[in-house]
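Next up: the structures, one after another.
Both of the next two complexes hold chain A, though its partner changes from chain B to chain C.
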Partner chain A sequence: MQLLANIIVLGAIYALISCGYVLIYRVSRVLNLAHGELMMVGAYLLLTTAGMIPNPWIAIPVAGLLSLAMGALVYLLLMRRMTGESVLAAILTTIALGILLRGVVVIFFSAAHQYPSVPLGLHASSVEVLPGARISSLSLVLVVVTALVYGSLFAFLRLSRWGLRMRAAGQNPLLAAQRGINLHGIYAMVWGIAIFTGSIAGMLISLDAGLDQTLIMIGLKAFPGALVGGLDSLLGALVGSLIVAAAEVLLIQYVNPLLADVVPFLILIAMLVFRPWGLFGTREALDRV
Partner chain B sequence: MAFLEVKDLHVSYQRAITALTGVSFTMEEGQIMAILGANGAGKTTTLRALSGFIGLDNARVTKGRIGFDGQDLTRRPPYEVTRQGVVLVPERDKVFPNLSVHENLEVVTSRASGTRRSELTDLVYTRFPRLAQLRKREAGLLSGGERQMLALGSAIVCAPRLLLIDELSLGLAPVIVEEIVEHLRVIRQDLSLTILLVEQSAAVAFRLADSAVVLEHGEVALTGTSEALQSDSAVQNAYLGTGTEGRRSYRAVAEARRLAEQEGRA
Partner chain C sequence: MNRTIALAAAAGLFGTAASAQDAYRIGLSGALTGPTAGSYAPAIEGFQLYIDRLNEAGGIDGHPVELIVLDDSGEASRGATNSRRLLGQEDVLLMINASLSSTFAPMMADASRAGVPLLFAASACPAEVFPPAQPLFYCTTAFGAVYDSRATLDFIEAQAGSDISLGLSAMAIPLSRGEIEAAEGLASERGMRPQAPTIVPPPTADYTPFATSISQAGADWVYSWAPWVTEVRTFEALRRLGWEGEYIAWAHLEAEGELARLQDPGFHAIGANSLFAEDLPVHQEIRAAAEAAGATYSPDQMAEGWVAGLVVEAALRGAGWPATAESVNAAMSQLDVDTQGLRGGPIQWSAENHFRATQYYRVYRWDADQSAIEVVQDWTPYTVE
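Entry: the complex of A and B
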């Protein structure tokens, strides 16, 4: 039971992060390899707002809005220039951005391990969620938030006018533009949403476990989840994240705890060899990477 | 001032390959004009330049001007051009395959008001009853003819004043082409549209258009009314299969005619 609870919590973390990879890839065909770094910056935004306003009900939403704006700005100031360049150039740009952000974070926040939960006065308590299975209260919040985020994303993409435009832009950007859709607006919006969801994950993790540059590693470990499911499928990201989390938790338990950082990437390699378009992805979508 | 004025338009692809080298022509409101020419003459490029390039297609207007109803549309992105009422029906990838028929109409973003939008959507469903039956069907599952109707329909919902149509008849059975041409005629009446079309089939082009521009190697070789061009020997040879002479370049024909005129004047 405890194992199952651990799998669900880890799966929720990966899923909350990996939907950002999927959203950006699905709509703009760019793989954002700075997602881990941007998510870390989001968590540092919370550290900053928590230092100024020690109320979690204000500090967290403000940091969330700031991360939304940060995502949109990354597109408008940087990635926008990459429209029309090769996909490889765009991906390399995100890698460069990631390296830059690592340095900037050290300069402004130091490399020390810090706790945004301290100024906010939050203490994680232990909750019994299943008979014989206990998780921290913040992990429970994380699972609920992941469910809410996925629910709203599905509804948004299916039902709203902006979601419809996003799906259209993802299928054929040129035709979308010829049908009056402002691509830059759509891309800025999707970057904003993706970085927002990633940052929320970063904030919740750092409230629970503290904050330093190792958060980037969690961001990277969530990527195999997106790829296992298929890079252009949200449902795939959810299922893929659970698969990767299950493999990781079970191998740590029964084989060797040192495998923790290796397992997601072993799965990634296996997936790339046998079914590179993922479980739920579309085959042709991958040709464009 | 002309409704559409294309002046000395130069377009190059990949910053090196030149596709258009100085195309000029004008259109009046309400006209239907066809662009004719061999493969690679620059027909599609002309339409695409009018509808606006985006970074994705590696093409750009290097020189020249596109004026539409008193506005400068040169180098404006497609979404702005569409909102000005210049709307393209592209040759390929003309619908969103994973959206339903209705979603394909709904996704359009135009400057038309909400009521105008639903009027235009109703008009599309009235004029193309087939689309109304298929509202919920994914566009990727439609036949070629249905897809062309949907492409026209989604362009109509953009509230066009100038409709650019690339290859209306390509890959479609003659009966279907006949049907679509009839629908298009009615809609043109409904909305008093101006239409610029590119056609492989000169027979279809001359049935719809009242005038035409013949392109050759990225330049205008001939222009004229449909009647004048249909009786032109070079056009007959190349497009209508009714001519008697061997194949000749239009440029050569135009040049010969110009020289003859000069001699006549002198």
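Entry: the complex of A and C
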């Protein structure tokens, strides 16, 4: 039971991060390689708001809104200028953005390991979620938030007018524009939502385990989950993340903990060889990478 | 960090132009940025504060110490670039490494070619500084391979005897794995039942799976010798699983603040630096220097840098004026520095031993009754042979 709980928690962490990769790719066909850095900045936003307003019910929503705005601004001030350029140029721009953000964070927040949970007075306790299986209370919150985020995104994309517009922009931007859809507005919204979900993951991880620049690497470790599931499929991101998490947890327990770092990428390579578009992705989408 | 980055940038841009003819010129390459910077940047800032304070007091016999600080982000390639610049362009008398072990090889090779001494401060002490030491390499860092594990196992044995199941946790980096594997052998020799080491990769989103394997193996005690994040996250994950055993970890820079944050009497930190809770005059001096400079990092994380400052000052004084790399190296090879209570005893170097003649260990934990850090075992000496 403990192993099952561990798989669900790790899968939820990866899924919450990887849905940001998928949303941006699905709608704008840009692979955002600064997602880990933006996620980290979101967590530092929480550190800032927690320092100013030591109340979790205010500090976390304010940091969430700021991260939403940050995502939209990244598109409007930077990625919008990549419109019409090659996909490679856009990807390289996200890499440059990531390097910039790493430096900026050290200058403003130092390299020290910090705890947003301390000013907020939050303390992770141990919770028995299944018979004989315990996780931290903040991990439980993360699992619930991941379920809510995915449920909301599925509903938003399928049922709301803006969701339909997003799907239309992702499937055929030219036709969508001709039908009067404001593509830049859609893209800004997608970037905002994607960075918001990534930042929520960063905030919850940092509330549980503290905050430093290693968060970037955790963001990168979530990427195989998105690719295994299919880079243009939200369901794929969820399933892919659970597969990667299960492989990691079982290898740690039964084979060798060192394999935990390697196997997600081995699964990724195997997937790229045998089914490059992922479990739930579309072959057409991958051709555009 | 603003101050640190500004100093590094200023040194990088104007280091040569701003050089003083009558200054002792030394250079430092360290991880001021990058994922591991948190383990090095506070010590570097402490070292800078010491040098600033030394210069404000008139330098060494009227000669200031010019410190050139370069950031290597913990990357070997940048460490190599920095050492070539420090040796080829800046003509430093002494190089200092405060970074990951991956930066050691290029800096050691360059220092050997140039005949310039290389001091490891805050970074791990390489095998070359232990007896029989190689001529140009020195180390002031508190932790020392194998000695740390020997002292830790002595402590565990004194507390619980040898009939125990011992969990072992390391980070997936050569240094940490090597030390924990050495501890596994030492524990077996004492009749303990060591588990196979649990090796945790550096970027880990959730430590619970690793803690699960330790907990389910029935560890009575767990020993972790790894970067702080691995040590403390593994412990916290174990507690959340309901594990009630005792845990001991190496007391890195972060230890003092973290003992107070965790407030768990079952978490022991073994180290070679005194904690600032002791409030010795040297601690007050560091606090005052950090406050006056508006330091980025907490003073209680600066002991490593301050010890390095004490040693560098003694080495430059011993070298006299005008100093050369040879005279600095000659002074370092017969150094005896009073650490003023930051360590359990002096740092003594000889031609054969560039680590220290005696290594002293203390064990700390949180005292729930007093709501304060307590010393569980006072300074215990180990002769370095």
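Heads up, the rule we're going with is that the second predicted complex is superposed on the first by the 289 of 289 C-alpha atoms of A that agree within 3 Å, B and C clash if a C-alpha of one lies under 4 Å from a C-alpha of the other, contacts with A are read in each partner's own complex, and residues count from 1 in each chain.
Quick note on the criterion: contacts are C-beta pairs under 8 Å (C-beta built on N, C-alpha and C of every residue); 3 or more make two chains touch, one makes a residue touch a chain.
Here the structure is a predicted model, which means the values were calculated and not measured.
In the superposed model, A:Leu159 lies in contact with neither chain B nor chain C. Shared-chain residue A:Val273: touches no atom of chain B or chain C.
Annotation for chain A, partner touching more residues between chain B and chain C: C. In the superposed model, A:Ala124 makes contact with chain C only, not with chain B. In the superposed pair of complexes, A:Leu77 makes contact with neither chain B nor chain C.
Touch criterion met: A:Ile181 reaches chain B, while chain C stays clear of it.
Those residues of chain B lying in contact with chain A across their complex are 51-52, 54-58, 77-79, 82-83, 87-88, 90, 93-99, 103, 106-110, 154, 158. The touching residues of chain C, counted against chain A in their complex, run 1-2, 5, 32-35, 37-38, 41-42, 172, 198-210, 212-213, 216, 228-229, 233, 236, 239-242, 254, 261, 296-298, 301. The part of chain A that touches chain C in the complex is made up of residues 2-3, 5-6, 9-10, 13-14, 102-103, 106-107, 109-113, 115, 118, 124-126, 134-136, 139, 205, 209-210, 212-214, 216-218, 220-222, 248-249, 252-253, 256-258, 260-261. Of all residues in chain A, only 83-85, 161, 164-165, 167-168, 171-183 touch chain B in the complex they form.
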